[in-house]
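Here subunit A shows up in two complexes: once beside subunit B, once beside subunit C.
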Partner chain A sequence: MADLRINLAGIKSPNPFWLASAPPTNSGYQVQRAFEAGWGGAVWKTLGDPILNVSSRFAAVSFNGQRVAGFNNIELITDRPLEVNLKEIYETKKRFPDHAIIASLMVEPKQEKWHEIVKRVEDTGVDGLELNFGCPHGMAERGMGSASGQVPELVERQTYWVKEAAKTPVIVKLTPNITDITSTAEAAVKGGADAVSMINTINSLAGVDIDTWNTIPHVGGKGAHGGYCGPAVKPIALHMVGECARNPRIPIPISGIGGISNWQNAVEFMLMGATGVQVCTAAMHHGFRIVEDMIEGLNNYLDDKGISSVMDIVGKSVPKYSDWGNLDLNYNITARINQDVCIECNKCYIACEDTSHQCIDRLVDSNGVSFLKVREEDCVGCNLCSIVCPVDGAIDMVEVPNDLPPMTWNERQAALGLLNGTAEKVVKS
Partner chain B sequence: MSEHQQYVLEREQIDDLLQKGYKIKKVIESLSGDIVQFEQDSNTEEEPTKEILLILTPNARKYFSVKLIEQAQGNVQL
Partner chain C sequence: MKINHTNIDLNFQEIHPGLSQNEALEEANRCLYCYDAPCIKACPTGIDIPSFIKKIASGNLKGSAKTIMTANPMGASCSRVCPTEELCEGACVLNHTAKPIMIGNLQRYATDWAIKNEVDFFEPGTQNGKRVAIVGGGPAGLSAARELARLGYKADIFEAEEKAGGLNTFGIVPFRLPMAISDWEIEQVEKLGVTIHTKTRIGKDLSADELVNSYDAVILAIGMAHVPDLGIEGENLKGVYDAIEFVRDTKTKPLSHQFFGKKAVVIGAGNTAIDAATSSVRLGAGNVKILYRRTSEEMTAYAFEYEFAKQDGVEFRFLTAPSRIIGDEQGRVIGIECIKMELGEPAEDGRRRPVPIQGSEFILEADMVIKANGQARFVGLIEQFNLHHDDGVVKVDSASYQTSNEKVFACGDVIFGKGQGEAMVVSAAQQGKESAHAVHRSLAPFFAETV
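Right, the complex of A and B next:
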């Protein structure tokens, strides 16, 4: 049995699985049930001046029968008075002293507002604070949430104000609605953040009803943009975690969020630099008990690999994540079709012929049996055929030896620059 | 002609010049491909012999780049 405990900037929890600040962590009743189910921590539904919500709040994007491939919401922060939440946080912490409870906070960008809420919340015995600089709708129009989180100076200043008052570790939750998340992550570091978490939801409109012409969701015939999350956003979140993890100016722990639905996803985020993960949509889709499989799967994975502590995998893939210019231009892979597995649906052939490099031939053997074969010398190793192939193991992408040594784009351009004095471009007239 | 065949042809042209002692002297990246200027140093006062190849295929552009890096690493006067 591997050691699943984590320590994220001083916040300890029995396992790396936390519920993200959202409906699953709205109340003491829910968080206590979540802890009973096995969740290691919970980030409480964001506290602040209680808000007013609209009815009809969520929408999901289903794709080819996969329900909730993406999830969209126009819900705001807590609508319950601070005292009610604080009482429940206190009771929950008392019942579950070894589980992590993090209070998510959002107030106007004013020093006294932050000082006040930090003091009141910390009195309940929370293990840490998470500053919600990410909510993209409703609160943003009031200068909070992502409106604050998109401006590095505001991130830095508000983090600083919180740190002036806080005794517990401060996690800054970042918005993905920005071109380069490292700029706000760096601002959080400058403000004194102990950790960053990412991502909050991505600006979105789930859909338009083509019969009524209403937005999805709509509130009495009117819609507004919401925040997107769930499996569809995982690659975006993973990239943002990786960018922060490999940035030497962001030397603080990361709590990874965005589309995490199973233990494998959690491992990916941790390998890419997250010290722990937070989950919202998957819990909303399948209930608290998904954590049982997550714990078991993670434990088995670590045991199989002979790794004694989950903390040992944190960041292991970060050195493998670089810029495009550092990739080897002479590394080659090619597609190989396994004739005994291929069902000859021709999907690979069509994909390659119509939209890639026309390097799969349809041939007939001496017995008149048709088969598909890759012309390896023309294959660029794009992976498309294996991506569209519906049968596992029918197409392998295999490394082919190259007689040329490794060469990156950066090395090539450096050599050209040296040769030409400076990089030179001509535009043909 | 397949792109691979064209690559093989371009690679042969590059190899041919390099074997004859030509060095890559200048590369101009253009919309039409890479214009690679080769020069063969002469021991006499005469002008060095020049050859120009327009390299079209991606693999041949990688190939001459590898040769260029080898040339630079070989401490050859560029």
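Right, the complex of A and C next:
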């Protein structure tokens, strides 16, 4: 049994699975049910000044019959009175002292507002604070959420104000609706943040009803953009986590968020630098019970790898993540089709023929049996055939050894520069 | 099968309810959408199966049904009666990894949608002034007529029965193929301007010569005839039925309670024998046996039909041939004398010949005997057309479907047998299409607007 406990900037939890600040953490009843189910922590749905919500709030994207491939919401922060939330946080923490409760906060960008809420919330015994600089809809129109989170100076200044008052660790939750997330992450670091969490939701319009021409969702025939999350955003989130994790100017822990649906996704985020993960859409799709497999799967994974603590995997893939210019131009792979596994759906053939490099042949052997074969000399190793192949093990991408030394684009340009410089010198002299 | 004894009509409702929308979408999304898919090649009519399935998945049911019906004018009935595991589903690449796509059920889902929504897919072609007579309004004749109408021909079908559709209308039990499905397919053909002259028997109401002389071409799609005699004693007793007539009655007459508790014996193990046996079960027969002189290996019923009959409680007596039907003083069947067989040397058709075992006779009690030992041929009519044939199997050029009279083409069951073709609805449909195109190739040079 591996040790699944994590310590994220001083916030401890029995496992790395937290519920993100969202509808699942709206009340004490829900968070307590979640802890009973096994969740290690919960970030309480964002507290702030009372708001009003609209009816018709969520929408999802189905893909080829797969429901909730992506999820969109236009719900705002908590619509319950602050004192009710604080009372329930207090009661929940008392009942589950070993579980992490983090309060998500959002107020107007004013020093006294932040000081006031931090003080009131910390009195409940929370383990930490998360600053919601990410909510992309509604609140942003009032200068909060992502409207703050998109301006590095505002992130830094507000973080600083919070840190002036806070006794517990402060996590700054970042919006992905920005060109370079490391700029706001750096601002959080400058403001004194103890950790960053990412990503909040991505600006989105889930769909348009092609019969009524209404937006999806719509509120009485009118729509507004919402925030996108769920499995579809995972690669975007993972990239942002990786960019922050490998940035030396962001030396604080990361709480990974974005489309995490199972233990494998969690392992990926942790390998890419997250100290723990936050989950929402998967729980909204299936209920809190999904955490049981997350915990068991993670534990089995660590046991199988002989790793004693989950903290030992944090960041292990970060050194493998770099810039395009550092990739070896002399590394070659090729597709190889295993005739005995291939079922001849010909999807690889048509994908390669129509949209890639035309290097798969449909052939017939001497017994009249058809088969598919890659012309390896023409294959560029793009992976498309193995991606579209519906059968595991039918197409392998194998390394083609060569005698060339590794050579990256950056090295190549440097070498060329050196050559040109020499040539210039020769000409000059 | 749980038999309802008070309302036997319920026993004859279609067995499968059809896929729900959820089931259809789930299954359609499971299809890999293979390129140059083997299921297309395995379909005698070459339906673009991955495309029609993709269209179900995208919600384009109209396009899906059109893809099916374009390739196969009998697409709705074939979705129900095709031996899919031997055709499209048998070729599905997912047989290698999981389970094949339910192509037949998806095809039914799309065509059922078209029927329910009263969608018409095709327009008649610009009239080219040529007239083609089609003898026989079964799957082959209807398919030929539809293609000809789309090509601009005036097609007249001559049908001996009161309704077209042939096997689909009268010969397949309603719980596998309801009459309404065949009716819809006939209506689709009629809407293209095809005239169907029902109750018109060529050779009696009109002569073969009259047709050949008054039309630019004739397509012979007369199928096959009644069940032939067994050539044994007692065939004329009360309680001896022709399986084709027996099945036809379940589709055309009020269902009769007269078979309750009866002991039925069906002779033969082909598709019609299965239909007759399972109908008997549904009519309330107390015991139903199929007698077959060979073994399960040689029988022409499909594996799924064999399975279906066994599920219905039908007993199979293989290597058993009837030698005499026994009657009482009133001339009613009371039993059947059988003889055990063994398989000898292979005959011309490759199947091992059954040989009687001397002295092995025994008697089975029976109240009814249903003969399903094959189908006779309309030899008289074929000879009226003066066509070369082999025991009633009309000889055609395999590419042009032309008979020994170049103005007369033939397709469907009338050319099936003696080692050529398959006796499937789907093959008949394809041959109908192809013979229409063959007619077009032979006539097109003679009218202004060329192909």
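Simple rule for what comes next: the second predicted complex is superposed on the first by the 421 of 429 C-alpha atoms of A that agree within 3 Å, B and C clash if a C-alpha of one lies under 4 Å from a C-alpha of the other, contacts with A are read in each partner's own complex, and residues count from 1 in each chain.
The working rule: a residue touches a chain if its C-beta (ideal position, glycine included) is under 8 Å from a C-beta of that chain, and two chains touch if they have at least 3 such contacts.
Note that the structure is predicted; figures quoted are calculated from it, not measured.
Q: For A:N330, decide between first (touching subunit B), second (touching subunit C), both and neither.
A: In the superposition, A:N330 touches subunit B alone.
Q: Just subunit B (first), just subunit C (second), both, or neither: which does A:S55 touch?
A: A:S55 sits against neither subunit B nor subunit C.
Q: Report for A:R412: first if it touches subunit B alone, second if subunit C alone, otherwise both or neither.
A: First partner only.
Q: Kindly classify A:N64 by the partners it touches after superposition: subunit B alone (first), subunit C alone (second), both, or neither?
A: second
Q: Please indicate which partner A:N420 is in contact with in the superposed arrangement: first for subunit B, second for subunit C, both, or neither.
A: first
Q: Touching A:T179 in the superposition: subunit B (first), subunit C (second), both, neither?
A: A:T179: touches no partner chain.
Q: Who does A:L404 touch here: subunit B (first), subunit C (second), both, or neither?
A: Only subunit B is touched by A:L404; subunit C is not.
Q: Which partner does A:N367 contact after superposing on A: first (subunit B), second (subunit C), both, neither?
A: Touch partners of A:N367: none, neither subunit B nor subunit C.
Q: Determine where on subunit A the residues touched by subunit B overlap those touched by subunit C, and list them.
A: none
Q: So in the complex, which bits of subunit A are touching subunit B?
A: 329-330, 375, 377-378, 404-405, 407, 411-412, 415-416, 418-420, 424-428
Q: Within their complex, state which residues of subunit A touch subunit C.
A: Per the touch definition, subunit A meets subunit C at residues 64-65, 343-347, 349-350, 362, 390-391.
Q: Hey, which residues of subunit C end up touching subunit A in the complex?
A: Those in contact with subunit A are residues 25-26, 28-29, 32-38, 57, 93-94, 96-97.
Q: Which residues of subunit B touch subunit A in the complex?
A: Interface residues on the subunit B side: 2-4, 24-32, 35, 62-63, 65-66, 68-69, 72, 78.
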